[in-house]
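We call the chains A, B and C, going by the order they appear; numbering starts again at 1 in every chain.
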């Protein structure tokens, strides 16, 4: 109990005095996960629209693959990306291992199926009648698709939030391909909030680890609150 | 009177299902209210879906002869029509967005942007005169008696209000052909009467109305001519008064009788 | 915007300064020694050092695949395999610390004060007292397995468990479980205040069992295999680590007032065995 209290006070004092180590770790976390989202959200939206509204052979198999991909452990994704980016791997020449770019890549691979899957469910859940109503009011094929996507927009927002939540809170893949690097003076290069938590835990500094966890949860929470407001505002 | 829609030998079957339309012939005249009556499962909704080109017929053809110029493309033809369904299907948005929907579909991008910018400007308390599109939305809402409802969310409406919004949405695009599939089913009498009045006024302004209905009273009140659809075939058609006064076959008597019983 | 920022930041890191990538076991990392060495090296050479702190097994594997410039590890047999494979060259002894056997204060197997680590393990096995192994192919794990072999005991379930984690994690877990474990002294001292564990069998640093000696070696990745790797800088780092300055930093490094590592690179006598695999004549 006392260590929980101490973790909270430590978290608040770190935030209050704008602890440079904390800031740089949070910065890397946000940059990497934000970038991963920026890339994977449009890709996922296209995938979900094709899989949800298109008609082509193999669609159901692809859907199943997407839903399976939602559950792949992040360590596995990290391992595959590590082997791909490894100097002796097929993309070793790019020299991307141990960089934030490598982390962005593995997080993209990790969250794209998740975001696609949630978007797909949202699209499939839109009443067939909406599509017919759009058609009957003079919508072109494209406008019809766009109407259904608009109807699924809250589901899309949920998908983005879920993707961000998974990206910023995953440890396995960023630890493997980023290398958890911090430069002298506590300047993070590839250390995120989650891998910093791993380090603190390994050092037995549970309160510090918890404090970082509190900061992580606070970030995700505030983002969700923001999104909740957006949803309640209604007409968009 | 010129013919606006002529249907020849129309057939349609659902995939792996029985044939729902088995050779339908119809001629709808410009400016009339034409009712399609018939028991449940007779194929009325299917017929409407083929007419709006939601389904492609397996045989036969539909010829659209709209007065207003169109490029003759499928989309051009479809945009001269609008449909209201038995169950109001509204978008998850405000009433205003719903009524403006069909207009936005037809508006090129600059016009759409102008409307959105106008909204924004008015939010910032700038006096911007309403655009043509906005005026039409407002008129359509007035038409169905929902003037003050623009800002309400569609989910907050009663069933009757929702159906009126759906009707306003169809009217806003000023269609030449208005397709109404059981528009007043499951509504309370005040809403039924109000909607019938709106249909009458729209027809008076020049819209041709194709009405599927179960309700003989409604058909008598609204329609000029009617056809009885049974098991995917038109079994009888003609001016409403004649049809009901002197039915030529047992089918109408049977249907009307059944209707009066239920 | 974010894209631009990311690219810019990555660019500055990538092109602004030269950098060296090394992989190490977790012990030198978690104690903080490596930070001090790298800060001094970085200042001297205007270089950034990236440290990938993993188990010794993973550290060597990453080097084998050409993902780092050099390794700093403590598992002589594995290092020798690495040299035999032609992946690494120019091995040097850097320093040593020692392993200690730690366990719960009530010492259910009664090993406190025993001279021989092997005998202590036999006691633990006989008492079926809980023992938490790293189980991660790290230097510490390999040493632990060698000790079991020396003890002539095959550890077995349910009293013997593997954590699969780094030293710090494993110590924390052993403390929570009331288990014995083998640890390097450095990590243990750094964490001691937070652990319910005591040193029960001493290593050579305190006059204990010489089998518990834990020497660290540094090896450059073979530039003939990976010409893109920064071999020149790797050799500069090895040079720095084994120089009087580097050795002084190691000698003076303390955690909680205790010295953790003993430098061993400087010697008046030639010590050729540090350059080649121990069985290089085979």
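One rule holds in what follows: a residue touches a chain if its C-beta (ideal position, glycine included) is under 8 Å from a C-beta of that chain, and two chains touch if they have at least 3 such contacts.
In this text, all values refer to a predicted model and were calculated from it rather than measured experimentally.
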Any chain in contact with chain A as well as chain B: none
Core chain by centroid distance, with centroids computed from Cα atoms only: A
Taking each chain's C-alpha mean as its centre, the one farthest from chain C: B
Cα-centroid distance, chain A relative to chain B, in whole angstrom: 45
Cα-centroid distance, chain A relative to chain C, in whole angstrom: 34
Euclidean distance of C-alpha centroids - chain B vs chain C, Å: 79
Contacts with 2+ other chains: residues of chain B: none
Overlap residues in chain C, where contacts from two or more other chains coincide: none
Touching residues (chain side chain C, partner chain A) in the complex: 2-3, 5-6, 9-10, 13-14, 21, 26, 30, 35, 38-39, 42, 48-53, 65-67, 165-169, 171-172, 190-191, 194-195, 226, 228-229
Chain B to chain A touching residues, read off their complex: 49, 52-54, 75, 78-79, 81-83, 85, 87, 89, 91-94, 97, 101-102, 105-106, 151, 153, 169-170, 173, 179
Touch list for chain A against partner chain B, complex: 127, 129-130, 132-140, 143, 147, 150-151, 154, 234-235
Complex interface listing, chain A residues touching chain C: 31, 34-35, 38, 86-89, 92-93, 95, 97-101, 104, 179-181, 183-185, 189, 199, 201-206
